[in-house]
Amino acid sequence: MGTVQGGAEQVNIYSSAYSSASGIVRYALLAIPLVFLTVFFLLPLALTIVVSFWERAGFWMQPTFSLRAYQDFFGGPRLFLLRRGLSVAALVTALGLALAYPIAYFLCMHVRVKVSRTVLLLFTVPFVVNYIIRNFSWAYLLSRTGPINHALQALHLTRGPVDWLLFSDFSVLVGLVTSYMPFMIYPLWLALAGIDRGLIQASWMLGAPPLSTFLRITLPLSTPGIFAAIIFGFVGSFGESAVPIILGGLGYQLMGNTITSTLDVLNYPLAAAMSSIVVVVMLLFLGVWYLAFDVRAFLGKIVRWRY
Amino acid sequence: MEHESGRLRRRDVLKLAAHATAGASLLRLGPLSALAQAGAAKKGTLNFADVGVGDPGGDWSKLSSATGWNVNLVAMGNAPSQVLNVLIAGGGKQVYDVVNIVGGMQKPLVENDLIIPIDTGRLSNWTKDSYIRDFLSPGKPGFDFIGYKGKVYGVPTVLQGDSFGYLPEKTGPLDSYAALFDPKWKGFVALEDNFTTTGQKTALYMSKNKLATIKNPADMTTGELKIVTDFLIEKKKEGQFRVIWTSFEQSVDLLVRQEVYVMDCWEPMVFVARKKGVKAEYARPKEGYLLWTMAAYIVKNPKHTSEKTKGIYDLLNFMLGGWYGAKISLLRGYMTNPDAVSYAKANQKEFPGNEAAEVARIHNNVRSKFELGGTWQNRWPTNVEAYEAEWARFKAAPSK
Amino acid sequence: MRGGRALGTLAWSYLALTLSFLYLPLFPPFVFSLALPAGEPGGLGLRAYLELWRNPVLTGAIQTSLLVGLLTSVLTPPLALLAAMSVRELRAPRAVLLLLLMPLFIPGISMGLADAFLFRLLGIPPSLLTILIVHLLWALPFAFLIILTAMAGFDPVYLEAAYLHGAGRLRAFFDVELPLIAPGISGAATFTFILSLNETVRTGLVQGPWNTVQTYVWSTYLQVGLSPTIYALMSLLIALTVILILVIRPLLTRRSQRTASV
């Protein structure tokens, strides 16, 4: 992995396995979160996948290998929820990124550190309020007789109450973006904060205009933050169950809602199948990311040292 | 709940200050205090999982002083998945002692070995309860709410009949479920997100008005289900419904904000809306009501000693008693047990002002619903999977 | 530097606008908490704030939520740090990244149910421990990504400098790298606390006899409606947090700056 040449010594910064005791201790420590996840996450996930191939038998299940649950899903009205979930999540993530990046950039580059930390913390305040109550407040704000409609009519911008403000795709978007955009600010800020200012100054000194500096230096170096922000936004909004039922239109559902609904009637195989499908889709999405984005950027500036 | 004046009194401010500094009130029923309580209570604590309806304002003192048992109320949702999955998967069997939900869930609960039959002989208030005799005895359709295969499994602490609520100032008096589908209120109607209540009310409406042949709205065949769902989808496409509501709070809000004028909902929503100053009425439809009861089940907990079981029966008996019944009637607007009316009247100090009259009024109101009849809500129909699939189809159908 | 005053004011107004938009849904709870039932005599409707402390289920839930939140935010960052280090040090960064991120991809209800089954199989009764485990599972990927992002900006040349000065690996890490990624770790802790406070679905399935504020609010919201006391609780939380951020924290940091030697 990373080595530094030059000087009298060749020092392995991140050395490979020792056979000494400290090496074993090191591996043991590093393994803790992995073991934790394997037991409490991989095992239940495996269980879920296995169950998805079982069939309903009365109130419990018959362990077999059957594609019935998958057929039910792909052949039924629920398939479109998967498409909707993906498109909504993509839209929310794109919007969130567009809104959050300028904030993170501004706070990082042009504001004193103390002030920017305080402002960042201010973004967390809405989250001490239960998200059900938060979204319910939005329902109140966007309702036909709510303050926003009142304001619109008072300003003579509309003649009557605007119906599509609430119980529509619009209100779901509002709910999701306000719920997840703040999450996206922090990793962006963190990544931007870690950029060596010397690089940016060097770019100026070499005569590059500000936009060029941004596009060729700042933006690429902030990609780890963008990666994290996209994951937070996409995964968060895809898996959201509360916003659709509080703010969504007639029968508006996302995958989380329909899984709950099948569990209501103890249809475990179908619920398990849908969960497995969601995981597979997300993995595909992550796979695309792996191809497009060099994971080694997370390993720190090592990348620069390799060539 | 709201008996005294809302003004901030000096006493209250001092009390608040005392609580804030001492932080004593925080040690009520959390992890630390549960331990403390276990030592303090004479006999122990009963874990009572409830959907919110059975909570008498947090005050179980009458039970504790009479029997020495404390009650730890755990909030849970009413959806079958909540109940079943918490008990089956969530280890609830070893944790909960009594589960208090809307009845009619005996079949999946018994078949999954989650509850035990109730020995009504051990409940002194059972035979006194004329409501049980009149509406829920074996052979009557109401028995399906508390019994299974001839045995009693649930204690019916609350009885009620559902129809729909409306704003008479906007619609005038309404007396039929047809209002839910009336194009006059297009875009100003809301339905409940529940295939057993909404689906059943629609089926009741359709069969009574000869729009479809449905043998038993309480237990439809897949063919009948399809007809009802097609009808609902057609209405959805016409833009008849504003939203399908999923929670009590949301539904009250819709009435109070006048976001909708006609709404398929429960009566307490109308009561709360009235308390908030909105003129709302609960309809008395000519097709009849959707009748239901709460049922308190005893969880089949392998750790139950005979002493604990006695404590559980004490709790169940207490819930069939006058004080509890009157409290719940006042808090929720539901009918509970006949003792509630007489108890409230006889105990003016505990139920001051016109509370006793209110309890009597509520009970008379609900009694008349049961007398009118309608259909008993079926929470676990034979084709329950088809119900859910058809409901998913309704939800996924495009509107307009 | 960059742009004129105009750009600066534009940026600040954009910031303020976004913040106020996000704060919009915080006002209704405050208004609702002051709600007086119709027909009652005047006076400030602060009764809900008093009733709050008299509700044993709610106060118990607050206790549980705080306890679980604190424990989670203390336990998760170290785990996430270890995981982030293992991305570097074990030979399969992509696999580790994948494993750490996967819990994000499973819908909450499926995860909660599957874990509930697992607990039953392993014989772990529903308790604060099970709640803690599901909260850890949920928060770990977030904390992990944040710390990883912070580490991505860390220049290993500092470590090299430490080694050249004779520091051992452990010492170099603690004295050099850790302080530089500290904002990442504290950010991860804050994130974790927030996530834990907001977690509802998974908790509901494994909570057993414990209530958290979330599951309590969820249940009352569904079945009997929210009361002014819950809105009062939320308003208090908002006020407390804002005071903490705008008043207490600056006081603390100013004091530590005065005592720190430059």
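Assorted remarks:
Labels for the chains are A, B and C, by order of writing; each one numbers its residues from 1.
The rule is short, and it goes like this: a residue touches a chain if its C-beta (ideal position, glycine included) is under 8 Å from a C-beta of that chain, and two chains touch if they have at least 3 such contacts.
Worth saying up front: this structure is predicted, and the values here are computed from it rather than measured.
Path length between chain A and chain C in the chain contact graph, taken as the least number of steps between touching chains: 1. Contact count check for B-C and A-B (C-beta pairs in contact): higher for B-C. In whole angstrom, the spacing between the mean C-alpha positions of chain A and chain C is 15. Separation between the centroids of chain A and chain B, computed from CA atoms only, is 38 Å. Touching two or more other chains at once are residues 113, 117, 218, 221, 226 of chain C. Along chain B, residues 85, 246-247, 249 each make contact with two or more other chains. The multi-chain contact residues of chain A, meaning those touching 2 or more other chains, are 136, 140, 260, 263. Within the complex formed with chain B, the residues of chain A that make contact are 56, 58-60, 76-78, 80-81, 136, 139-140, 143-146, 163, 166-167, 245-246, 249-253, 258, 260-267.
If you check the complex, the residues on chain C that touch chain B are 35-38, 40-47, 49-50, 53-57, 59-64, 67, 113, 116-117, 119-120, 124-126, 128, 204-211, 215-216, 218-226.
Chain A meets chain C in the complex at residues 1-2, 4, 7, 11, 13-14, 16, 26, 29-34, 36-38, 40-45, 47-48, 99, 102-103, 106-107, 109-110, 114, 118-119, 121-138, 140-141, 178, 181-183, 186-187, 190-191, 193-196, 210, 224-225, 227-228, 231-232, 235, 239, 241-242, 255-256, 259-260, 263, 271-272, 274-275, 278-279, 282-283, 286, 290, 295-302, 305. Chain contact summary for the complex, chain B toward chain C: residues 2, 5-8, 12, 15-16, 19, 25-34, 47, 51-53, 55, 58, 72-78, 82, 85-86, 89-92, 94-96, 246-249, 252, 268, 272, 274-277, 332.
Those residues of chain B that touch chain A in the shared complex are 79-81, 84-85, 108, 111-112, 187, 193, 236, 241-244, 246-247, 249-250, 253, 257-259, 384-385, 387-389, 391-397, 399.
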